[in-house]
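By letter and in written order, the chains are A, B and C; residue numbering begins at 1 in each of them.
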Amino acid sequence: MKATLAQLAALIGGTVQGNPDLEISGVAALEDAQAGQITFLARRKYLSLLARSKASAVVVGSDVTVDRPSLRVSNPYLALSKLLAYFHPPAVPRVGVDPRAFVEEGVVLEGDVSIAPFVWVGKGSRLGAGVTLHAGVSVGEGVTIGRDTILHSNVSIYPGVTIGQRVIVHSGAVLGSDGFGFVRDEGGRHRKIPQVGRVVIEDDVEIGANVCIDRATLGITVIERGTKIDNLVQIAHNVKIGEDSIIVAQVGISGSVTIGKRVTIAGQAGLADHLTVGDGSTIGGGSGVAKDVNPGEVLMGAPAIPHTLWRRVQACVPQLPEMVRKLQNIEKRLRQLEQQKEKD
Amino acid sequence: MKATLAQLAALIGGTVQGNPDLEISGVAALEDAQAGQITFLARRKYLSLLARSKASAVVVGSDVTVDRPSLRVSNPYLALSKLLAYFHPPAVPRVGVDPRAFVEEGVVLEGDVSIAPFVWVGKGSRLGAGVTLHAGVSVGEGVTIGRDTILHSNVSIYPGVTIGQRVIVHSGAVLGSDGFGFVRDEGGRHRKIPQVGRVVIEDDVEIGANVCIDRATLGITVIERGTKIDNLVQIAHNVKIGEDSIIVAQVGISGSVTIGKRVTIAGQAGLADHLTVGDGSTIGGGSGVAKDVNPGEVLMGAPAIPHTLWRRVQACVPQLPEMVRKLQNIEKRLRQLEQQKEKD
Amino acid sequence: MKATLAQLAALIGGTVQGNPDLEISGVAALEDAQAGQITFLARRKYLSLLARSKASAVVVGSDVTVDRPSLRVSNPYLALSKLLAYFHPPAVPRVGVDPRAFVEEGVVLEGDVSIAPFVWVGKGSRLGAGVTLHAGVSVGEGVTIGRDTILHSNVSIYPGVTIGQRVIVHSGAVLGSDGFGFVRDEGGRHRKIPQVGRVVIEDDVEIGANVCIDRATLGITVIERGTKIDNLVQIAHNVKIGEDSIIVAQVGISGSVTIGKRVTIAGQAGLADHLTVGDGSTIGGGSGVAKDVNPGEVLMGAPAIPHTLWRRVQACVPQLPEMVRKLQNIEKRLRQLEQQKEKD
């Protein structure tokens, strides 16, 4: 896979600085790039690394000038994603159903699919053209999977789940397990509330490794188009996450939470049940959210408060021992003044 | 599956308001219910949703009066669990051992079982009647599984684990992996302490997706009867959890912790090793517990403190910057008074 | 498996107190040990448990004297690990490739291996002698696994991952899943940045159940020799963890973090992206780290601060409501003094 600088400029929408006929054979990080490869400068602070890089060319922001052949673009990360897709096209999966897989009678395959060894697909399911199921995937009865969707190895899909097109689900993820719903019976023991709802994953969603998305008690748990979910995230029953949101690793979202579009929830944050989180809001890493979040709000902390306030509060926290000491000192001096006053 | 209102009243132990012969065909949430279905009003604040619901009947608390056919009960959630179980009986699994599964010679099947494709059961194991093993389950050597227990797809059971009756284990859960035990050897490297104990899961326990329960170093890690564990929970070696407790998603319980009966641990809380947690106590979401917990205590925060104190503390936290400012102001004024005093 | 006290002393490097010919048949915890077994006293505070123990002998620290046959050692835990390894040698796996497994043509087996049913190994992979793959393991194309490494059931290895010798990977762990990298395209939607790097696991690493280790965007994610990782840990793309570190359960490490040697990160801690964590540092349970960590530092809290400061701060936190009250009281008294002053 080779291309000239001019060809790459056309691919990523950039401007060539230097020889447009320079031939490029690959893309690599600043430290790792070899002669013949193109690298990228994500932040100005890495200019010193660039100086030592062996790369023959570099992708830079439109406001950066460097002393080697370069492609200037408005968004270097977007350019990188296009270069990587060009130089590293996804492996073409073996088409067909491996004889060691077991697809139940009556399952509808809407076109060529790729089904690896030890995959099981239950009755009444329907797979779109281009679907890839890696080794050890389990797809329950009545599941629908849209075209070009990929389930990596050992993914578990419970019955009745619906998955859209171009979805990627990483290994070990579990979609459609029972919501965590119990009620104490007359004798004080926990009785299971049957979880008879479903899970709907819309188009272009990506779901990380070992993520858990529970089916609804009644109704649906839904992840809307384009939302990306990192590894080890917990999504409880009846949650709704809007389009184009980002849920970072180990986040926990309790039952019946409704999250808007373009929301970002950073790693290890937790949300209490039945909350509403407005469009475009951001919840910082490790935060604990127990109240509704307004659109566009930026929260941090446990319990979560506006991020600007949180920063000011945190600047004070290490001063607490000093504050306690000062208070004691002030009280003592105040008492002295008061006693003197009484004497006067 | 249909029933009259009177029949449902008998099923759930409620009182009919309206036509007892009204025929009901299913149960659904307030927003989703169609004509012919029954819905339920969990909290009074949803009365406005009920007004717009198409449901033909509704389950309400005994203190609520509504203007459509209803079943009055003392506990609407308990009634709901019974209605759901009636209208959605669990799928009857295919009985038998699928020819694509591999049950080692000498495994004891105590009655009809349901073993899906690509399940492996190791030598010396014993499965009770009615056990269901879904696709891709791995059961190590010498495992005992009680009757009517269900292991969902891709569950991994290490050798020697004992599982009771009517237990449900969701996909991806791992029972009996090695406890995390190492000791530095003479050269400063970590040497593994062999984990030769076991895991015991008692009757009626439910274990969520991708939960990890480690085997004991020596002795047993035990989850007692009726305890329910949500997804992605970590339970370390030699932990004991008492009966009828509730462990919510992403909780982490360190080694040798002993937890009592009817304890509730909310999502993402963490417990340090060797603690004792008393019966009936409650630990709030995201809490970090580093001390023993008394029976009945309600704790919150990291480090965890009594919940009522935590609420009062948290009300003050956002005032910290203002407190710092006030302290400075007070010190200044106090100095002025002291200086004037000296002059006097 | 039996041995005399003298033989065990030679094995663990201890000194015999009492009859050296006493025959020992096993090792057990203080509470569980039976006559004929040896137990161990990890901490002096368990001396009362020892008094009630049925054990015929006991391993103790070199500064402890007890009234029954004993082995005195400098490190009881290290001795325990050796006794356990002696009395509980690991099960010898069945050698060979089970006919129900599927090893693709051209995979190199460098010696005797043990491959269980329903294991898939992709083209171009290479397995060292003594490798054990348990049921349901999936090994992608071009993976290298060093000798005597064990992958437990349902582990998923993505293509191109390299695993060293004597590595243990517990069930459900996922190595080499895509890093979480997206960039907004011109239309505001998330576009995937292809993750084309690799994962390298060095010798003697242990990886817990359901751990996720993402492949690098470019370059490698690497876990160096001897590091031990507990269950449900998240390790993002391009992370590097140095030798002999300890990462406890549910820790989350964000992208491009570099961690030194002999670092300890306690349970549920989280690290923000691009940080550097110095050799020999310790990060407390549940901490949130957002700044570089110096070698040897001991941090705690969210945001993390030096542990000694954190303890002093936490001692003050519950006093906050009282501090607010005191401040109000002081202000009032100060105002009175000022008003009197004005009157004077």
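Definition applied: contacts are C-beta pairs under 8 Å (C-beta built on N, C-alpha and C of every residue); 3 or more make two chains touch, one makes a residue touch a chain.
Keep in mind that this is a model prediction, so the values were computed, not measured.
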item: Fitted rotation between chain B and its twin chain C in degrees, CA, nearest 5; value: 120
item: Chain copies touching (chain A, chain B) - same or different residues, decided at half shared; value: different
item: Interchain centroid distance [CA atoms averaged], chain A/chain B, Å; value: 25
item: Residues of chain C touching at least two other chains; value: 118, 136, 154, 172, 210, 232, 250, 268, 302, 317, 323, 327, 330, 334, 337
item: Touching residues (chain side chain A, partner chain C) in the complex; value: 27-29, 31-32, 75, 77-78, 80-81, 84-85, 87-88, 90-91, 98, 100, 116-118, 134-136, 152-154, 168, 170-172, 204, 206, 208-210, 226, 228, 230-232, 244, 246, 248-250, 262, 267-268, 285-286, 302, 314, 317-318, 320-321, 323-324, 327, 330-331, 334, 337-338, 341
item: Chain B partner contacts - residues on chain A that touch it in the complex; value: 102, 118, 120, 136, 138, 140-141, 154, 156, 158-159, 172, 174, 177-178, 180-186, 188-194, 196, 210, 212, 214, 217-219, 232, 234, 236, 250, 252, 254, 268, 270, 272, 288, 302-303, 305, 309, 312-313, 315-317, 319, 323, 326-327, 330, 333-334, 337, 340
